[in-house]
Amino acid sequence: MNTILSIKPLLAVLVSLLVIPVLVSSSDRPNVRESWIFIAGTITLLIVLSMLPVILDGNQLALTLFEIAPGASIAFRVDGLGMLFAIVAASLYIVTSIYSIGYMRGLKEHGQTRFVSFFALAISATIGAAFSANLLTLYMFYEILSLATYPLVTHHQDTKSMISGRRYLIFILGTSIGLVLPAMIYCYHVTGTLEFSTAGIFSDQLSKPAATVLLLMFVFGFAKAGIMPFHSWLPAAMVAPTPVSALLHAVAVVKVGVFSIIRVMTGIFGVELLSTYNLGVVVMCIASFTILVGSCIALSQDELKRRLAYSTISQLSYIIFGVALLSPQGLLGGIIHIVMHAFGKITLFFCAGAIFVATGKKYVSQMSGLGKKMPFTFTAFFIGALCVIGLPPSGGFYSKWNLILGTLEAEQSIFMLVLLVSSFLNAFYFLPIVYKGFFEKSNEEDENMPVKIREANLCLVIPLIISAIISIVLFFYPTVFVNLIKVGLAI
Amino acid sequence: MNNYPALIVIAPLLAALFAGLAVWIEDRLSYYIAILGLAVSSFSALKVLIQVIESGTIQYKMAGWDAPVGIEYRIDLLNAMVLLLISGIALFNLIASYKNVEQEISDRKGSFYTIYLLFVTGLLGVTATGDLFNLYVLIEITSLTSYAMVALSDKDRGPLASLNYIFIGVIGASFYLLGVGYLYMKTGSLNMMDVADIIASQHDSSTVLVGFILCMIGVWIKMALFPMHVWLPNAYSYSPVAFSRVVAPLMTKVMVYVMIRLMITVFGFEYIFNTLHLSEAVVWLATIAVLAGGVLALAQDNLKKILAYIIVCEIGYMVGGAWLGNQSGMTGAILHLLNDALMTFALFLGLGNMVYMLGKVKLNNLQGLFSRMPWTMTGFVVAAFSIVGVPPTCGFFSKWYLISGAFEAGAYHFAAALIISSLICAILFFKVFEICFFQSSPDLQGQGHGHKFQVMAEAPVSMLIVSNLVSFSLIVVGVFSGTIVKTIILPFLQGI
Amino acid sequence: MKFFGFVVVCLVGGLLLYGTADFPDWGDPDSPASTHLSDIYIEHAFEQTQVPNIVTAILADYRGFDTMFETAVIFCAGLACFLLLRDFKERKERFYRHVPTGVILHVKNSKKALRVGRDFEHIDKDWIPSDLIIKTVCRILIPFIQIYALYVVAHGDFSPGGGFQGGVIFGSSLILLAISYDLKILVRRIKEKVLGICAAAGVLVYVGIAAICMPMGKSFLDYSALEMFVFDPHHVRALGMLGVEIGVGIAVAAVMAIIYINIVSEGRHDEGL
Amino acid sequence: MGMTDIIPLIVAKYNYWLFVVLMMIGLYAMIAKNNLIKKLVGMNIFQTAIILFYVSIGYKSGATLPIIQNVHEGHGHAAIHAADYINPLPHVLMLTAIVVSVATFGVAMALAVKIYQRYHTLEEDELRMRLSEK
């Protein structure tokens, strides 16, 4: 494995950062502005993809920017795991930017320049988190992401969004400053380094109780991952415009949280230390709890976006669950679920948004009969649902299959039950919507309405079709991502 | 002969006197004289810093007399850095202040600039000097000028706040003077290095102990360490904004510098940490200061007061860090001295812009500020995040060192206080931001569209450029804090 | 507050007393304070500076840098008083006295001061008839006091005295003028502008003399750099000190007057003690 | 400790004790008095105590004031004995301190005048009442 000095990771981060002044300066020409977003997104994706072959060959790209203290620097390092995450984020950024153009214009939202600027900043931070070489850098981008998404979450600037924004900040900032920061500095204090390495940074400085406390501080501290009881910001943040919910709260923000936990478990503690102290089980219990409770709550939600939010909470814990299995299959299944869930969930959010723009309906109970009027949207919804539930022919099946194999491999077959039960629950809260859409007759009052309901505009429909198609493609060709994980974790 | 060390202090003094003459001849000239004086001072400070980094400590003998007999300037890495900080901030503030001064004290501009320059002279002199008594005289110059300034702005409360400030300030300075007297009693000298050499053999003397305690209490009163902080919030919030922008970031920081200087150069770590065993108590005091400052800030409804209490809280950081008794803690304290000066300056620059445009800065005056003054708020937000400690702004990195110093010393309560205060600051600033972001100001609403179409009313460009430049420097200093530590702070700490 | 004050005072007193336990005896000629630097000054000051008054030598030369800032403090105080109190608004209420009869005219709300002829004089609100004896004695005394002030400044090298003392004496002569006559006389004799310029210029003399040494190739305040400006190079330090003392004297006298005038008239410069 | 020990102790230290007492009086007045002018007086006493302390340090028994005598006859330092003159340094320092305290006092008086102009009282409790009324 070679480490190659490269400026590309920095460029990938900078592109969407540097486009912000351009966006601001072209705020009165929406078309110019939006084409810049698109260009920035494409360039980011191209830069990310250009690094792919090198990474697949088992190399790493690295760049140290600033050394803050010995062993703690602001540095980038691209490995398989980071690459996987960056590809997901960058490709979905493009899709979402198209979608958000349609959505924001469709609803004539105010402050669009502010919206796209912070959106770009958030993407920049997400890519930065993906390419972080150490915990300090990761923490930095994590915090930037938290703050950059605040104006997105509270975009409507009304009382409701203020309250949600407050909750968002309290949970996200409170946990990261209150738990992660001391834990991180303690790690640094003990070991003198924060570099991620597959062997972990601790040799034998940590006793089991200390390691447990530290691990829990990290797991709960990265509250973006939505581990209960620090999950309630996520449903609250659904007041945001749907593209924000879609990209940030189904993909970027929450996945950064999960990604951070994965990094800490595999790069800071190391699989070996965790299995020696048997800490995987602890995390698994926490994750299982979140999986089951999240799914149950999702069942009872009538507002579509909230149902999706709770579904996200439980699906995120699948990823952590998989990593906590500490077996190769489990790790593979968990991490690849980042990809599968991202595409599946973003399809679902896109559909929710498209339905809202086209019909103004937010609640599941109102959606009877819509499927006939919006066939593309509801078909895509169906595919997205399959992907999240984990049924073939969608990418979700691949990850869940590996997770189940992982439980067997790690000899934790009791936990297999959790996965199965939860998958049933997933099916229960998604499939009825599809059923309603296609097979139930719409309510009387709707028929009386003079406005004819049809598909939303193209800017909304194309992205959701694309992401739905990718969800299916991933079932047949997950190889790239699998290889990236294998390269990244040396399994 | 290399006269730059003297020039750092003398240039603003000369400028002050010429500005004092200009008051009677042509009032407008005083501003340009002030700019010139501070520019020369900043340039000299930069020169000196480069020299010190390259070739080590500079000694400058005033009047040509050798050290213990005469007064010397002893400029090492620490005070070279602080000198540049002071003169730079003073210069930038002067540039930003032109309009504020025109608005607030247009009839007495010349006198204002004169006092301003004298104040800066005092700060620079305190920092540069290697003589204990000279330090006292210069502290008095800074105090006297700030008394005058505090009384100037607010007609109702200003004079009383200032008078109380005088009482407390005099007690503080007198304690310091007494402490120096006690030391003089046992050493017969006033030069810091000389005193340090002599008391090295008198560590068990009760006089030295009392002298030490008196000096520390004096300096703590002057820097407003809780519970000796009562004068600060009033004093800082009633002075004209052009002045509070320089007094708030610098005055307390210079006093922290004096404390560190006394601890390191005069008394020595050996005496403070191994002979006295006071450090635990002081770290507890600092912990309480950090928490109390934050909690008191929460109770305020005026932005100026909020910022003033945040200063009280930040002082706890530095005192605690310096007294942890390990290298990380001291590094953190020194780095935070630099960072906090910049952060506070950036915050007060934003505040100055708001005061200029709004007049009052009670919290409910700030409605809709994000749409009215987006550039000001950009700078302000960055500075606020720096106070909270969000990387990559500089506030995070000094906090980093402070917390790891606290872990090293086993002072977990101090680490906890730092983290809690970060959270409190986050709450504080988001309280402000929520008002600025969600509420629309009643008088500036557009045509029936509510907050969505508010008129932009930004501060003048000169102020905006400075405030955004300083805020940007927070990030630059943040990412280069490793370099600063490596080239300035660590060599300084290892040199002693 | 009283109890709190008592506790604080006792604590501080206790601390200070504890510190005295280790003091050398009062007047002990062998105490560190009386031997370390003190001996150097006493033994070498005259030889090095040609000034027999060691206090002056230290004040204006060895520690001349302190003294410079001390003068700046004075200047600062004067400026602060001016800045805080000076009020350029004219008072609308005026009093005039008909000198031959002693009748007092009270004018309310007049925009401009009336022009007064020979028979009328402009007086203060709390006017008391000035005593002829006091006026006369002061008129005779004031010039002598001022000459004495100059002597104290000039003779500071040889006897107790110097710029501060001389300046204070000079300033008090001005105050005496204001007390014995009234404030307006003083303000009319010496314009505010003159006082202001003197205060700044006095300090400037000090700093200027000190600063000239730098381009002459010596360090700041090193009077020996001034050799080429004086007739008597042997006494160059003494002359340098005299120069700065004069500066100090000017500044102190002017600031004394500024503070006095502003405080007694509450900044209006019209009436007061 | 017998009587014989105490008297020399008093003789040796009474100046310093006196300064402490004076300082305590001044400090108490500054903290506890209600009238601002009284506080200012307390401040002056406080500062004077410090001056007393410094000047006490400078005293040397059997020595005179530090002006070299007979300079014109005896040139050179051979004629000068350090023991003959008291320590000049504290006097210099106190000249500075006096000036500083006078300057501070001047500014404080100016403030008191301003406060009186505004509120027609210098009693602190009344001032506080007036301020809280607003």
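Per-chain numbering from 1; labels A, B, C and D assigned in written order.
Heads up, the rule we're going with is that a residue touches a chain if its C-beta (ideal position, glycine included) is under 8 Å from a C-beta of that chain, and two chains touch if they have at least 3 such contacts.
The structure displayed is predicted, hence computed values, not measured ones.
Novice: What chains, if any, are shared contacts of chain A and chain C?
Specialist: Chains in contact with chain A as well as chain C: B.
Novice: Among all other chains, pick the one whose mean CA position is farthest from the mean CA position of chain B.
Specialist: That would be chain A.
Novice: Calculate how many whole Å lie between the centre of chain A and the centre of chain D, each centre taken as the average of the chain's C-alpha atoms.
Specialist: From the centre of chain A to the centre of chain D is 71 Å.
Novice: Would you kindly tell me how far, in whole Å, the mean C-alpha position of chain D lies from that of chain B?
Specialist: One centre to the other, that is 30 Å.
Novice: When the C-alpha atoms of chain A and chain B are each averaged to a single point, how far apart are the two points in Å?
Specialist: For chain A versus chain B, the centre distance works out to 43 Å.
Novice: Taking each chain's centre as the mean position of its Cα atoms, how many Å separate chain B from chain C?
Specialist: So the centre of chain B lies 32 Å away from the centre of chain C.
Novice: Spell out, as numbers or ranges, the residues of chain D touching 2 or more other chains.
Specialist: 27, 57, 89-90, 93, 96, 100, 103-104, 107, 111, 114
Novice: Mind pulling the residue numbers of chain C that touch at least two other chains?
Specialist: 16, 20, 23, 31, 33-35, 37-38, 41, 63, 66, 70, 73, 76-77, 80, 84
Novice: For chain A, which residues are shared contacts with two or more other chains?
Specialist: none
Novice: Tell me, which pairs of chains are in touch?
Specialist: All chain pairs meeting the touch criterion are A-B, B-C, B-D, C-D.
Novice: Could you list, by residue number, the parts of chain C that touch chain B in their complex?
Specialist: 15-16, 18-24, 31-38, 40-41, 61-66, 69-70, 72-73, 75-77, 79-80, 82-84, 86, 88, 193, 196-197, 199-201, 203-204, 207-208, 210-211, 214, 217-224
Novice: Going by the contact rule at the top, pick out the chain D residues touching chain C in the complex.
Specialist: Residues of chain D touching chain C: 11-17, 20-21, 23-24, 27-28, 31-32, 56-63, 65-69, 71, 76-77, 80, 82-93, 95-96, 99-100, 102-104, 106-107, 109-111, 113-114, 117.
Novice: Over in the complex, which chain D residues touch chain B? Could you list them?
Specialist: 27, 30, 36, 39, 43, 46-47, 50, 53-54, 57, 89-90, 93, 96-97, 100, 103-104, 107-108, 111-112, 114-115, 118, 127, 131, 134
Novice: Mind listing the chain B positions that touch chain D in their complex?
Specialist: Residue list for chain B touching chain D: 133, 136-137, 140, 143-144, 147-148, 151, 155-157, 159-160, 162-163, 166-167, 170-171, 174, 177-178, 181, 184-185, 190.
Novice: Along chain C, where are the residues that touch chain D in the complex?
Specialist: For this pair, the touching residues of chain C are 1-2, 4-6, 8-10, 12-13, 16-17, 20, 23, 25-29, 31, 33-35, 37-39, 41-47, 52-55, 58-59, 63, 66-67, 70, 73-74, 76-78, 80-81, 84-85, 158-160, 164, 259, 262-263, 266-267.
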